[in-house]
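Heads up, the next two complexes both have chain A, just with different partners, chain B and then chain C.
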Partner chain A sequence: MFNYNFRWAQALNSLPRMLEGALVTLEVALLSMVIGIAIAILLTLFRLSGSRILGAIAATWVEIARNTPALFQIYMVHFGLGGFGIHLSPYLSLLIGIAFNNAGYLSENFRGALKGIPDTQTRSARSLGMTPLQAFRHVVMPQMLRISFLPMTNQMVWAILMTSLGTVVAMNTDLYGVTSDLNARTFRTFELFAIAAVIFYLITKTVTLSARLLAARLFRY
Partner chain B sequence: MFFDTALSTNDLIFLARGAGMTLIVTAISVFFGTVMGIVFGVFRYQVGPWWAAPLTFVLDIFRSIPLLIQLVLANAFVTTVLGWRVSGFTVACGVLSLYTAAYCAEIVRGGIEAVPPTLRRAARSLGMSWGQDMTSVVMPLAARIALPSWIGLALGVMKDSALVYVVQVVELLKSAQILITRLQEPLFLLIVCGSFYFLISFPIARFGGYLERKWSRD
Partner chain C sequence: MIEIENVRKSFGALEVLKGIDLTVAKGEVLTVIGGSGSGKSTLLTCINGLEPIDQGRILVDGTEVHAKSTNLNQLRRRIGIVFQQYNAFPHLTVLENVMLAQRKVLGRPKAEAEAEAVRQLNHVGLGDKLKVYPSRLSGGQQQRMAIARALAMSPDYMLFDEVTSALDPQLVGEVLDTLRLLASEGMTMICVTHEMKFAREVSDRVAFFHQGVMAEIAPPAQLFEAPQNADLRKFLAATH
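Entry: the complex of A and B
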């Protein structure tokens, strides 16, 4: 049918190396999510603090993260910071770039979730003698994280897909990097990237399905 | 100093061309993607989840695989497997259109589902045909619900179009990259390039948010 000799066997030989790359991809995505959630909570606190400067910092972060390409952000971390004499490894640049992006989007999700939590709860927590931080930590935050659980899994999927952008900073241990390295050596572009695509598909599906099961288990009332 | 740059007028034109390419690729992909997305979305809603399952599966693939891999795969498939002589620009627009369509179909379906079924039954009982019901009852209502998400999608496609460099299309970020390699002024060029994305995306995103707030009130 096609004028092209598929060599799946040859490409499948490198499957173990690609699976190792997939582990690195997952690791970067998970770490970037943990860092992203931590920063997003901090940014949410900044916004709630009522301080104008802290609010402006949070708003700037969110708008830059949401209104420029993720590729640009990763590029900026690697080469932009390089302009200041800060040279990071590809792995760190990618991780920081994705975490920066995650934090911006998640903070916006958290803001949406906060709208669903009545102010009266904070006020009653305060009248019980809690400090503002205690009220946030024990009353508001658990609900906020619960409401934004699904958007968070979406962001996790995005983070997994974004790891492929590490290629611009010469990251070569993640799934995409390993695949393009193999491709440079064997030129079986279609076969190799088709396998990578299947692996990516399986990873994202596993993550979304397990998140859904987890949500059903955690949020039973 | 910061503004002490080796950037010449020619380089600026080169950057502007890149920006133009970004906008063209985005416009083409959003246009075709939206048309396809509306068709897919209406189809999915109309035939029900079982019959639409194959389409749902295919569209889901576009949302579960990195765009970078989609572009590389499509390019390899078209040029080496099929052996067609197709420019990277065409491949980029094709892939981005399908990518847009995959997301747009979801938005369209959500918009249609948000129209109360009783309203549609009322329209049909008045003697309207399916087409009339769709165009004069469902479309105006669904468009209101879908527009803010659609604006978000269009902006997302603009940002994702930065990835088409992988099929040899020189768009904004790639042209900045080429200049960085030559001029060795990464910070300045990146800020110029990032501001361009920001200045287009930010006002439109704000407008989308404004529409969403305004329409959710009444």
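Entry: the complex of A and C
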């Protein structure tokens, strides 16, 4: 079992290609967060609307996103929708699948955050003549996003790691996809995946650290 | 003018307002006293339409508050309310707190909203706290900020719901001084309060609420010196 010869130099030659893949991974994760947050805010509004139908849509979304494997969700976007004649590229399928998952988890985080904001905040805003939507947008939402900031950072890390699931829809331009392709050609499995793991680690660490710095700047109150 | 006509209101089986009739004239300062659960705070939140009523009607300058056709968001611009809990918006500075509704509800340009906010904050003695977040303010300062926030909307009426009840005793004075100032400037005010000395000083009339009924209403000298109602006599004896 010890007759494996490490060839780090050869594997490291692939580093530039892997870093390009890392950029794609970061891009997909960032976009999926932007879309996920926007949808999660919408789902939160659905829940607050008092409408049964909108509430049920939000609840169903959250239930599916949180209680089925992310891998199935991505697979369904690509091949499930494909069955209806909607053919999306691997990139789009991965992006939408992760955004779907993000929205479900974040909406649940937002719901928890709302419990920490007293009703009297809305009451005060309404007393000043704000509409329900204005009260949410200008008074409740900023506080909700602040309380949810740490869970949002966690979800961003999770989104970065989830990009590796793109393999089920034949995504080959992200970090995992690039690494996997290189491996198929060179069989430097240990070296390549070790390097990829280090890159994943560095990306997520950078994200968490920048989030901490961003929080210090954003939340001065 | 605020006209309250035979207003009834229940929370479930509990009837908190049992047919209130009351008229507050422009420029009048009315204070409302009474034990907890007497319905006095509920009445205030009915006046600005935060609470629905079961019967009767409330007219503000002739507009029926609870009519379906009434735009409450528009009506509330004219009625300022300050609560026992100051409800500062924690994510905004003092200045931004006072500017927000001016910008979003009245649509005032930024410069104008800022000028008005600064004016009102100076008015309540917070001119040196503009860039500070509410968490850095004392309870009394936060309450004065809430008053400035309501005043910045240029309301015709101000409702005060036990605004000193949540404050430390040494901070009550500064908030009452702000209310006295407003009263002296001719603001139409309804103050629900437990501060008898204040009620006696600033009011044109004092109303005593007891178990959902307005048991007595009279100018302060008369109400405090010669109370007619037996429950009022008991209440005054207990609070002195």
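Odds and ends about this structure:
Going forward, the second predicted complex is superposed on the first by the 219 of 221 C-alpha atoms of A that agree within 3 Å, B and C clash if a C-alpha of one lies under 4 Å from a C-alpha of the other, contacts with A are read in each partner's own complex, and residues count from 1 in each chain.
Keep this in mind: a contact is a pair of C-beta atoms (placed from the backbone, for glycine too) under 8 Å apart; a residue touches a chain by one contact, two chains touch by 3 or more.
Source: prediction; values computed, not measured.
In the superposition on chain A, contact is made by A:Val157 with chain B only, not with chain C. In the superposed pair of complexes, A:Gly80 makes contact with chain B only, with no contact to chain C.
In the superposition on chain A, contact is made by A:Val139 with chain C only, not with chain B. After overlaying the two complexes on the shared chain, residue contacts for A:Ser51 are found with neither chain B nor chain C.
When the two complexes are overlaid on their common chain A, residue A:Phe193 makes contact with chain B while staying clear of chain C.
With both structures placed on the common chain, the touch criterion links A:Arg126 to chain C but leaves chain B unconnected.
Of the two partner chains placed by superposition, only chain B is touched by A:Ile64; chain C is not. The partner that reaches more residues of chain A, of the two candidates chain B and chain C, is B.
Listed in rising order, the residues of chain A touching chain C in the complex are 118, 120-121, 123-131, 134, 138-139, 142-143, 146, 219-221.
For chain C in complex with chain A, the residues that touch the partner chain are 48, 50, 73-74, 76-77, 80-81, 83, 85, 87, 89-92, 100-101, 104-106, 133-135, 146, 149-150, 153. Considering their complex, residues 2-4, 63-64, 66-72, 75-76, 79-80, 82-84, 157, 161-165, 167, 176, 189-190, 193-194, 196-197, 200-201, 204-205 of chain A touch chain B. Chain B contributes residues 61, 64-70, 72-73, 76-77, 80-83, 155, 159-160, 162-163, 173, 177, 180, 185-187, 190-191, 193-194, 197-198, 201-202, 205 to its touches with chain A in the complex.
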